[in-house]
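As written, the chains take the letters A, B and C, and residue 1 is the first residue of each chain.
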Amino acid sequence: MNIRRIFLIAVPYLWLGALFLIPFGIVFKIALSDGALAIPPYIPTLDFSQGWAGFKDFAGKLDFENFRFLASDDLYWKAYLSSVKIASISTLATLLVGYPIAYAMARAAPEWRPTLMMLVILPFWTSFLIRVYAWIGILSNEGYLNQILIGMGLIDEPLTILNTNWAVYIGIVYTYLPFMVLPIYAALEKMDDSLLEAAEDLGCSRFSAFWLVTIPLSKAGIVAGSFLVFIPALGEFVIPSILGGSKTLMIGKVLWEEFFNNRDWPVASAVAVILLLILIIPIVLFQRNEQKQREAEE
Amino acid sequence: MRRFSWFNATSLTLGFAFLYLPMLILIIYSFNESRLVTVWAGFSTKWYGELFQNEAFLDAAWVTVKVAFWSSTFATVLGTMAAYVLVRGGRFLGRTLFSGMIYAPLVMPEVITGLSLLLLFIAIGMDRGVMTIVLAHTTFSMCYVSVVVSSRLASFDRSVEEAALDLGCSPFDAFRLVTLPIIAPAVISGWLLAFTLSLDDLVIASFTSGPSSTTLPIRIFSAVRLGVTPEINALSTIMIGIVTVGVVTASLVSKRTMTHRAADERKAEQNDKL
Amino acid sequence: MPVNEQNVFAPWEDPKAKPLIKFENVTKRFGDFVAIDDLTLDIYAEEFFALLGPSGCGKTTMMRMLAGFENTSSGKISIDGVDVGGVPPNKRAVNMMFQSYALFPHLTVYENIAFGLKRSKMPKDEIAARVDEMLRLTRLEKLARRKPHQVSGGQRQRIALARSLAKAPKLLLLDEPLGALDKKLRQDTQFELMDIQEKTGTTFVIVTHDQEEAMTVASRIAVMDEGRIVQIETPARIYETPNSVYVADFIGDVNIIEGNVSPQDGGVHHIDWAEGQSPIIAHADPSIANGTRGFFAIRPEKVAISAERPADRANAFQGKVLDIAYLGNVSTYHVALPTGNIVKAQATNSRRLSRRDITWEDTVWLSWTDTAGIILTQ
């Protein structure tokens, strides 16, 4: 093959190899190392000058100690389980909020649809951090929401929402809503109106036509949207640390604290490795769903 | 028959209220006189004035824009190359690994990407600063660029490139004279996406920045941890404003070109009938 | 057999003529799939050569091998006596008009046509002259400054043609050039293509799945099936003397009746096709061996339909009218024979509201002469 083609392939390939693949190798390696009071705060370090013997010596010192530690301390177990729980509940809530929006967009007049699309995408371009931050003022004890509820006489005491899991759910639904709306909208928009008319013609009520025709036809969009929310929500750090409380356990936050606060790099790395392993399942399922959809379209 | 009912109207109203009210409140209270952010005490622009005197924020903003500019530019070049390899490159050794490395960063939790890059920089003894953040941002945003560009590459008629070869172009000239002009809109939106992602990133920047290279999100994050402040409200309003103007302009421009194009096409078909 | 007169263009019948394009035992495989199977073919200069076949028969692959977008797996292709194996598309004196037209959307009509000329480093004033000539040839003068999306489908087709002809290639390849046009426009454009081919004297190789198009424009047609060429002939001979049931069926409408062939005196053959029916009488040259399983093929327009038995026809069979398709200029009658075979007969409606005498369920006679059909053995 010619030099240009090799160059074209090699440059992005080597870049990703050096800055994506190798760093992962390092994370795996450190996850198997032991902590030490030094910089870098772990042993063993690989000494290239020793050659093969050095490598053997190095490999012999690697162990699963950190993983055993993670398994024995129930903080980590609970953090993993709680992450899965929070991500699942938020995904479901996002679906419940997002589906009617996507449905209404798909039913709107065609000349309105590009504008509605833009309105859904616009928040995505705005800073994630700011969108999460906006909720502090709303949800705090003396926040706008409590002011309104007390003003309307619905409650006497302010509700405590900020620094609880409730705030985290709201934050995730709010920030990831476009990821849910867009794939469902794409699936619904393709749907032919005459299908519903045909279903009603064949004796369906409006509701059963929706249940038997619209929902199954938008299934691919629902699945795609759910994974697009679930996968990043699982490893989320910003939302639990800004809106969540000290009791909110999420693995992204645990990893951050192990690294920055406890300076325990080997444990942080082990946490990362396990988070990755947990993520493999939804990612593979997501890929399958996409694959199936592509094949259906061909 | 269009089934647009009161139910649909309600879901749209509530949905968009949910999406926009929090930001709207933020904007309104950035003009609040009082330092107590939840109590309205009259209109004032004084927090904007204070913001522009805050050296720490201005420095951080400058670092952020620098990082975003360079990383999005590198990411666009690398991501376009990667997209071309993925869509037009044919078979080569390790193609599966290559496409895996393109798609993996899209679903990777930021904490892991940040951690792994930091460990790399320490392992090779690289001092952390603007340079390391640029490297980190380039790596993850090139994947987004390549997804955007490759979907455009895959959707356009390959025979247009073949026509260029057929008419005497070398493969490189065919790319320069035909492919690149056609995919240019996707390359530009890829650059914008990369720029925004970099501007927005807190987690990866926190891992890879050094003491002298604090970015705006890192500054905001440490301020936000202490609660709501009117300066942050003002800063947020400016950022929301810039993005809104940008996105609205872009969508108006694209809408205009599309209407023009549709009108041109209609006219062309009518000409043929005459 | 038609006489080969001096002024008739038929280089393929001249043993001294040198072909412009030679395919010699060319095979093309894509993985396990054989797209082109050991194909040998000559195409002569100034021919308008059509590759005809259903999708997937390999016709597009042949064209792409000529253009240089695909390499042969084995065998040799030469253009003007030069082996073109391994020569990239940009180094071949061959141009192609793409099915999708593949116009450059960001360039004007003028720039599209000038594109190839600029690549060949032609002086600027010569480029301008050549582009103007092409614009005149394809009647696009008024559209030179437009972009491709600002012109109609028919005009786009002409831009693509002008662009591919601009470099005056030895050989022009046309991939389904009229496929995207509606029927009326397609018919007009067919004549335009023939006209331009004649004016420029370029060799045209056209790929099409539309038999009418191939019949109209081509000097010779190659009918393809599954990577092989089934028959190469002039349009008239392909229609009148197809060499197989596949070709007979692919080109136009045909009745096929299967039976046992027995040769008689003077080139006459009998086909015993059903118990209790008199044999079909037909001529065949050369003679076919006794007892061969054969197929009698006859075009519907060569089958006469009448209420009474005609006296002077070699073949006459009685049947019942099942269906009548009235197409305006002609009507096609579907007639069921007592054996269950359905034979189509076509009659011209030369008088207004004529042939009212034949209608559904009528018992009619179908008849044809002994030279109207042919006997195929494959």
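Brief remarks follow.
To be clear about the criterion, a contact is a pair of C-beta atoms (placed from the backbone, for glycine too) under 8 Å apart; a residue touches a chain by one contact, two chains touch by 3 or more.
These numbers were taken from a predicted model, which means no experiment stands behind them.
Located most centrally within the structure is B, per distance between chain CA means and the overall CA mean.
Seen from the C-alpha centroid of chain A, the farthest chain centroid is that of C. Averaged C-alpha coordinates give centres for chain A and chain B that are 18 Å from one another.
In terms of their C-alpha centroids, the spacing between chain B and chain C amounts to 54 Å.
With centres defined as mean CA coordinates, chain C is found 59 Å away from chain A.
Shared contact sites, meaning residues of chain A that touch two or more other chains, are absent.
Every residue of chain B that touches chain C in the complex is listed here, in rising order: 157, 159-160, 162-170, 173, 178, 181-182, 261, 264-265, 267-269, 271-272. Contact residues on chain C toward chain B in their complex (touch as defined above): 67-69, 88-90, 94-96, 98-100, 102-106, 115-116, 119-120, 146-147, 149-155, 163-164, 167. Within the complex, the chain A residues that touch chain B are 4-5, 8-9, 11-13, 15-17, 19-24, 26-27, 30, 40, 97, 100-101, 103-105, 107-109, 114-116, 118-123, 125-131, 133-138, 140, 142-144, 147, 174, 177, 181, 193, 196-197, 231-232, 234-238, 241-242, 252, 255-256, 259, 265, 268-269, 272, 275-276, 279, 283, 286.
Within the complex formed with chain A, the chain B residues making contact are 1-4, 7-9, 11-12, 15-16, 18-20, 22-23, 25-26, 29, 37-38, 78-79, 81-82, 84-85, 89, 92, 94, 98, 101-102, 104-105, 107-112, 115-117, 119-120, 122-123, 135-136, 138-139, 142, 146, 171-172, 196, 199-200, 202-203, 207, 217, 220-221, 224-225, 227-228, 232, 236, 239-240, 243-244, 246-248, 251, 255.
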